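As written, the chain order gives the labels A, B, C, D, E and F, with residue 1 at the start of each chain.
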Amino acid sequence: MSTLHIFSKPISYYDNERLVNLIQQNDTVLLVGDACYSQKLYFQLCDKLLLLSDDAKARNIEIMQQNTAIDYEIFVAKTLSSSQSITW
Amino acid sequence: MSTLHIFSKPISYYDNERLVNLIQQNDTVLLVGDACYSQKLYFQLCDKLLLLSDDAKARNIEIMQQNTAIDYEIFVAKTLSSSQSITW
Amino acid sequence: MARFVLSLHCAPSDHDTTQRLFKFATTCLEQGHSVDTIFLYQQGVYHASEDINLATDELAIANLWQTLHQRGIKLMLCITAAEKRGLNIAATNLFTVAGLAEFAMLASEADKWVQFK
Amino acid sequence: MARFVLSLHCAPSDHDTTQRLFKFATTCLEQGHSVDTIFLYQQGVYHASEDINLATDELAIANLWQTLHQRGIKLMLCITAAEKRGLNIAATNLFTVAGLAEFAMLASEADKWVQFK
Amino acid sequence: MINVLVLSQHSPFDDMHIRDALDMTLIFAAIEQNISWLFTGPAVLALKENQNPESLGLKNYFKSIKTLEIYDVENIYVCEKSLLDYNLSKNDLIINAKPLNFKAQSQLISAQQQVVNL
Amino acid sequence: MINVLVLSQHSPFDDMHIRDALDMTLIFAAIEQNISWLFTGPAVLALKENQNPESLGLKNYFKSIKTLEIYDVENIYVCEKSLLDYNLSKNDLIINAKPLNFKAQSQLISAQQQVVNL
């Protein structure tokens, strides 16, 4: 089981260095809201990202090939399949 | 004439890289509130810092030799002797 | 089917987070899960104000809370957080004033607690 | 002697910024300067709430505003910011409800505008 | 007439920061002061084209930004480095904003009587 | 009984973040859950000794942090790296908090049912 890390702001809002060290290989990183704008920079935290589809679309963000757009059903399902979630 | 830059939070709250480039040689950097905790790290922005004395004392912070403690009279005077102030 | 509690930590001026909380909560219900409470904490308590006055092209926050309430979700706010922040606790709309302990007990029984901020 | 305007941008739960604004404003007056207004903007508008309820070991915020008011400083708040955030603009304590233009004119005439947040 | 600079550093939907800055900019223009607006860091994203906040139920304040020129607000600036950070070019922006390097931003700041960071 | 972790990342007088986290920690202890509290980043400064907020008129909530042990809150953790960043050692802290490296922090997180970031 792994942790779901939820980010809602561009990565410059957070302390990357600590986060890089806290996020584990098998954890999931989900970008919602304004975090979607910096999907490229979030790669330093995790090499596979989920983006909340509605939020990305409203911001005219094309989801990069290696990333995955998810809807609210999957968002809810991910919180259940993770051992714990952290809203950063 | 120069700019007065006022910071109230530890430096990790800000985008250092942009600030380093925006603060000029002859500008003044004033640390108030929780910014006083990171006087050492603020040297990357400016090599001479002012700290608001009351705020530093309440936090049990010893002011480093190269920095200067100021009271509210000097705080007010500094806003007047600077061309403009920015509260970051 | 799982039991959720959700907490909201940002002021009503953060419309983006508000719409996300709404969609997450309604999706939980549509998937057959239960949402035992939505709890206002920190700046989130201001959502219970009866004086929010928004233009028609803004997010219809009042309608969102009305919908969540009608679907049976218990809307709660933290009394300590509210008193310190100046919310009128005698007029809190659809929200019930509660102690932190009441929420903590619901959170302890829930399968998942998801924060929105 | 100079003319100041000051603006406050954080919620009343930020006691540290509040005490700093108070000391700065009173020092301005003691130094013979004038403070043409203190203006509440963004989350600062919640300072005008009449329902802030703090224990006696907390910063006596109400007293600070009372003192500033008694010393003749015009306390103002932004109506647009207040309506969106749920402040009851019919009960704003010592603060006068004003449009942004009113403040902007004072700021344009002042020698210095200092923000607190 | 004084020079006033509004500084925006927050991302587009972070609370109402950009909208508060927009209101402030418009008001200073209305009372005929020499107003400038500088977007830096994630705030530059508020100028990105083809965004559609209505799909989330949110107000489309980008439309109001587009009308700034009508209100004679012509001094709109963006941080060149921040555009790069978010892969934006001048042509991806909804208004005609002037990209500034750090030195030019410092000069802009130095020319002001008041700087307000919202 | 479930494992709940309160996470603090804000500086001591940034709004009421640390105080909100303190309240949350005490409540979960009171209802007899297995509560832990992790201080990381500038939040570690809330554990620095000899601070005197009364001199600013502010409530001294550090006194309440000191009483955590009385309420059987024993799982207090600090980020080792953050202590270094602020030149603090374990002996400069007002309570007996366990310094954790990043790996141990990740393990702590993995052991929780709920993690709340305040």
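To be clear about the criterion, contacts are C-beta pairs under 8 Å (C-beta built on N, C-alpha and C of every residue); 3 or more make two chains touch, one makes a residue touch a chain.
These numbers come from a predicted model, not from an experiment.
Enquirer: Among the other chains, which touch chain B and chain C together?
Expert: Touches both chain B and chain C: D, E, F.
Enquirer: Let me check something: if the centre of a chain is the mean of its CA atoms, which chain is farthest from chain C?
Expert: So the farthest one, by centre of C-alpha atoms, is B.
Enquirer: Would you identify the chain whose Cα-based centre sits farthest away from the centre of chain D?
Expert: Between chain D and the rest, the longest centre separation is with A.
Enquirer: Would the interface of chain C with chain D count as same or different, where same needs over half of all numbers used to appear in both copies?
Expert: same
Enquirer: Per the centroid of Cα atoms for each chain, what is the distance between chain D and chain F, given in Å?
Expert: Taking the average C-alpha coordinate of chain D and of chain F, the gap between them is 32 Å.
Enquirer: From the C-alpha centre of chain B to that of chain D, how far is it in Å?
Expert: The computed centroid separation for chain B versus chain D comes out at 23 Å.
Enquirer: Which integer distance in Å separates the CA centroid of chain A from that of chain B?
Expert: One centre to the other, that is 35 Å.
Enquirer: What whole-number Å value describes the gap between the mean CA coordinates of chain A and chain D?
Expert: Centres of chain A and chain D (C-alpha means) sit 39 Å apart.
Enquirer: Give the residues of chain F that touch two or more other chains, as numbers and ranges in rising order.
Expert: If we look for residues of chain F contacting two or more partner chains, we find 13-16, 41, 56, 58, 114, 117.
Enquirer: Scan chain B for residues touching two or more other chains and write them down.
Expert: In chain B, 12, 15, 33-34, 54-55, 85, 87 touch at least two other chains.
Enquirer: For chain C, what residues touch not just one other chain but two or more?
Expert: 11, 13, 16, 42, 58, 84, 112, 115
Enquirer: Go ahead and list every pair of chains that touch.
Expert: Going through each pair of chains, those in contact are A-C, A-E, A-F, B-D, B-E, B-F, C-D, C-E, C-F, D-E, D-F.
Enquirer: Flag every residue of chain D that touches chain F in the complex, lowest number first.
Expert: Touch residues, chain D against chain F: 10-11, 13-16, 19, 55, 57-60.
Enquirer: Please give the residue numbers of chain F that touch chain C in the complex, ascending.
Expert: Going by the criterion above, the answer is residues 2, 4, 15-17, 20, 23-24, 27-28, 30-31, 33, 114, 116-118.
Enquirer: What residues of chain F sit close enough to touch chain A in their complex?
Expert: Of all residues in chain F, those touching chain A are 7, 9, 40-41, 79, 81-82, 102, 105-106, 109-110, 112-115, 117.
Enquirer: Quick one: which bits of chain C touch chain A in the complex? Just the residue numbers, please.
Expert: That would be residues 2, 4, 16-17, 20, 23-24, 27-28, 31, 33, 111-112, 114-117 of chain C.
Enquirer: Quick one: in the complex, what on chain D touches chain C?
Expert: 11-13, 42-43, 46-47, 49-54, 58, 83-89
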